[in-house]
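First chain A sits with chain B, and in the next complex the same chain sits with chain C.
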Partner chain A sequence: MNRVYNVTMSTESIIRTRGLCMRYGGNYALKNVNLEIAAGEIFGLLGHNGAGKTTTVSIITTLLKPSLGNAEVCGLDTLRDSREVRRQIGYLPENVELYESLTLRENLLYFARLSGVAEPDRRIEDVLQFLDFTTCMDKKLSTFSKGMRQRAGIAQAILHRPRILFLDEPASGLDPQGVIALRQNIQSLNREMGMTIFMNTHSLSEVTKTCTNIGILRQGELLYQDSLSQTIAAFPEHASLEDIYLRIDADGR
Partner chain B sequence: MSKAVGAIFLKELNDLLRRRSFMLLCAAMAAVVALALLITSLDYHKQLSDYQQYAQALAQSGAAAPAAPPQLSPLQQLRGGIEYIEIIGPVLAIVAGYGSAAKEKYRGTLRLFFSRPIGALDLAAGKLAALGVLWLIIVLVLFLVMTATMHFIGGAAFSAAAIAKLTLSLAGAWAYLAFWSGLALGLTCFVRQPGSALLICFIIWLTVVLLLPQIGDTMDPDNQVPGGLFQSMHVDKSNEHAIMAHFSGYETTRNALEETSISKHFERASFAFLGVKQIYNQQPVGFIWSETWKDSASLLAALLASTAFAMTQCNKRNLIGRRMK
Partner chain C sequence: MKSPVLTIARQELLIARTNRLALLISGIFLGMVSVSGFISWDSHHTVNSVFAEALRHGVTSGPNPFASQQPLDLVSNTVIYIVLIGALSAILLGVQSAISDRKAGVIDLLFSRPLSVTQYVNGKFLGMQYLLVLILLTAGLLSWGSVLFIRGEMISLGNTAALAVFYLLAWLFLMPFNILGFVFGAVSRHETSALLGPILLWVALVFVIPQLGTDAHPVSLLNPVPAQAASTGAFFAFNHRILQPLSLTDRFKNASSKLLGLNNSSQGIAAYDWLSLAMAAAGMMAALLLVKRSRIRGPIRE
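The block that comes next holds the complex of A and B.
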């Protein structure tokens, strides 16, 4: 029998899901997922391919409607108040698909206008300076490497100063330098801008270095959720997060 | 217009104008229209000089100068151009409407897009507005090409009434092209695989633009239609009417078949305003409108229907909520 080890019930939850289910035809991609994430966390959602991580993020970011259950972001219902929810969040999908024929500046200007950002040119300058990315401002996206695209994606996601940033497999396909730069960016956004970060990932080493809290999904079910420090303390017999993950995953079978 | 719709509109219009292959196709259509006009302009020029020589000779002989014969209307010479717009125009409009949604569906850019706080109809409104303006630009270019070719090569002088008729005719062309783009945009959003939408669009084009009008023409016994029954039997118009009075059911069916084609409505309205159909040649705009307003209304209704279809289909559920196989 599957069991949720510990679900943090914080009164300051910035993201909350209740009984979230998602069905594609006869298959359940999510089964009764109850998540609680507090403001200021860097939350890593772990799981195999097809565990339901992207579906979870898609529902919370209002991109998908759940079959059952509901999700709240900053106290707003993702179905009823979807537009307001989208003002509060930034989103970076696994494959950052910005417009190839446009320059970085043009791409960011477009997304800034869609987000209703006042003084978009100034905001773009600020964001690119924050990400140390100003030199590429007038280059077309088609000339960008994977790492540069990822940074461009983050720039677009934070232009409107969201309270929560969702990152779907952000380190996927990045070289070691790109991974380090990404980690620094995530930590700065969390510390300096006070953003809550929600990331889906396979990379356990990245979770260890970046996240404050974790959740583990397996075949659409949330098996575990707690802070990283509590998790490590709760499994003293295991040397690494990888061992803990494998243990929880095996227990969930 | 909200800021988001404005941003989408500007980006879409920019994208459409930057698409080299599409602009080449548009240039090819403009070139074909210009070529058709060049040939008719030269012919018109010759007819005009023949008529002027004839009128001058009459004047020199002391006889009264004849009134300009109706067949020398410059607007009638634009028939070839309108026919190209009627047949080739929808192909370009389908390509533009399809491309507008398919590029984003294939590239996956819409997940980022729909994560922004935009309204449910903003994407459709922005894309449709851009397509509408694109066709306005192209129709204006065609207007200039048509009038300039007829004026400078054909030597034709356009009266204010002729300009008004041409403007109305080209307004119909705009509505006709915008209808096809809206239909293609809506279908590309509605169908899971964008490629299937393109195929469906071309099947509709084949049926509506080529097949139905052709069936209608083939069944038409009118003595003005080349190959028509009455023409081949040398039956004049008054006898034709007398005979056809006994076959009203046949004529109603034939006409109904033609009227299912939006192309036929566009053709009927345009040919009436341009005076291609003899009974409307040199007639005032009010008279032509009173006789053909149903064709213009059908064109407008089709445009509104395709716009409504695109508005309801160009949404998050269709574009990212369903998985492409």
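The block that comes next holds the complex of A and C.
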């Protein structure tokens, strides 16, 4: 008998972690992380390099098993219901790598089929049209620039119309034009497709321009989580998010 | 909607088109198979000429013991090409199958999809076997064609069937090497160790183990003879008894000789040899099922 999944459809928490810990040998990469992210948010998880951002995303996207605690996506446990969780999410790692010797179409067809997309050819055309990327459909990945790879990565991540899109350092290594294009893509995915976006970043300017909510992670501990507007209102003495971030980070020491 | 196993197998074929090293080795293998018949014919022709010369000078008398040649004698060298180049090709296909995803850096992307490790490994296995069978099928057709061309007469149905079973046996022999390559490719940190590991094991299985059980000259191992020369020393005889099942090359050569009717060996099925090869293939398939997600490493270093 097929298992019936109770996928959360409300605007309540679409991602929730409770007491998430991750231990590598004697070191904790994550310590008791409790996150709550509502449907429709563009959530930016901030932190220095090595703060535990990628580990957090890896656990929520079912790629890693936590040492302690649990994570839920759309009301589904990431360990127990990992396959169903994967149907609900799209994932773009920091360095987008696809098959260099294949064309964009061949790459996307593979991932569409693996995700069980019906009519994959039509879906690929729709997605590439949405990303304004149809001209590159039959070009090999080896000829792509960093920005084009990023767009190809987003295309593979949204082929199956996921409810949540995870982006790990999406702006890393992009030129200003690439950053602007990426920002526009993220915002239209959120606005037009209703996708919840979870992005890891250490680019504060990007968070200011793109995100609706933020979380700050420091040495595996979640120091802060709130909406961007509330955050700015809560620290009136600070002129920018950069100052606020430095203040929260310093207080957490 | 295709199953993930078939999707991965299909992708395997797509990527194999661009895998230059595996294509090169497979090409060399097929090239050697296609000239194998001519090499056999030429050496047989040379021996007959020498005998005729000896007869003319009165050095020998009586009938020529080499006069008759079984049709499938012409593919005898293929046995050794399968052991040497075929096995290398199978290893390379296996290694490349595993490291292509790691080199492309798509392992995390793949496992962020509704895909289990078992489905992934089964898809890879299916794709690799499809390629291996394709290579052997081409080799079989080349062998059949070269025998037909050299002898200038139709090959009997019995010999055609024997040739087909011989290539089936070759698939059974090559499969463990293919899986060995895949396992090393999946778990090794570096591309070099992924390649060297299975090649070292191949050297051990093809050269070292047979050599430990015989006091024959090492070069004799390269002959497509049905069995090694009888050992005169107790040490070698003891080793031979112990290591016989592990000596996949000997098992393959012995079963092949029987199938092809080489070196006056009787035609038929060598059950013990088939069983040894089948067990090796089954053992490696079981090893493949033990590959866990945590063991499949991320990006590989060159």
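By definition in this document, the second predicted complex is superposed on the first by the 242 of 253 C-alpha atoms of A that agree within 3 Å, B and C clash if a C-alpha of one lies under 4 Å from a C-alpha of the other, contacts with A are read in each partner's own complex, and residues count from 1 in each chain.
Just so we're on the same page, contacts are C-beta pairs under 8 Å (C-beta built on N, C-alpha and C of every residue); 3 or more make two chains touch, one makes a residue touch a chain.
Being a predicted model, the structure only gives us computed values, none of them experimental.
Chemist: Using the superposition on chain A, decide if chain B and chain C clash or fit.
Modeler: Because the two structures are overlaid on the shared chain, the partners are seen to clash.
Chemist: A:Met148 in the overlay: touching chain B, chain C, both, or neither? Say first, second, both or neither.
Modeler: neither
Chemist: Which partner does A:Tyr110 contact after superposing on A: first (chain B), second (chain C), both, neither?
Modeler: Touch status of A:Tyr110: both partners.
Chemist: Just to be sure I read the superposition right, which of the two partners does A:Ala118 touch: chain B = first, chain C = second, or both, or neither?
Modeler: Only chain C; A:Ala118 stays clear of chain B.
Chemist: After overlaying the two complexes on chain A, where does the chain B footprint on chain A coincide with the chain C footprint?
Modeler: Overlap of chain B and chain C footprints on chain A: residues 61-63, 83-84, 86-87, 89-91, 93, 95, 97-101, 110-111, 113-116, 156.
Chemist: Write out the stretch or stretches of chain A touching chain B in their complex.
Modeler: Those in contact with chain B are residues 24, 61-65, 83-84, 86-87, 89-91, 93, 95-101, 110-111, 113-116, 153, 156.
Chemist: Please name which positions on chain C make contact with chain A in the complex.
Modeler: 1-2, 4, 7-8, 11, 14-15, 18, 100, 104-106, 108-116, 299
Chemist: Along chain A, where are the residues that touch chain C in the complex?
Modeler: Those in contact with chain C are residues 58, 61-63, 83-84, 86-87, 89-91, 93, 95, 97-102, 106, 110-111, 113-116, 118, 156.
Chemist: Of all residues in chain B, which touch chain A in the complex?
Modeler: Residues in contact with chain A: 3-4, 6-8, 11, 15, 18, 107-109, 111-119, 316-317, 320-321, 323.
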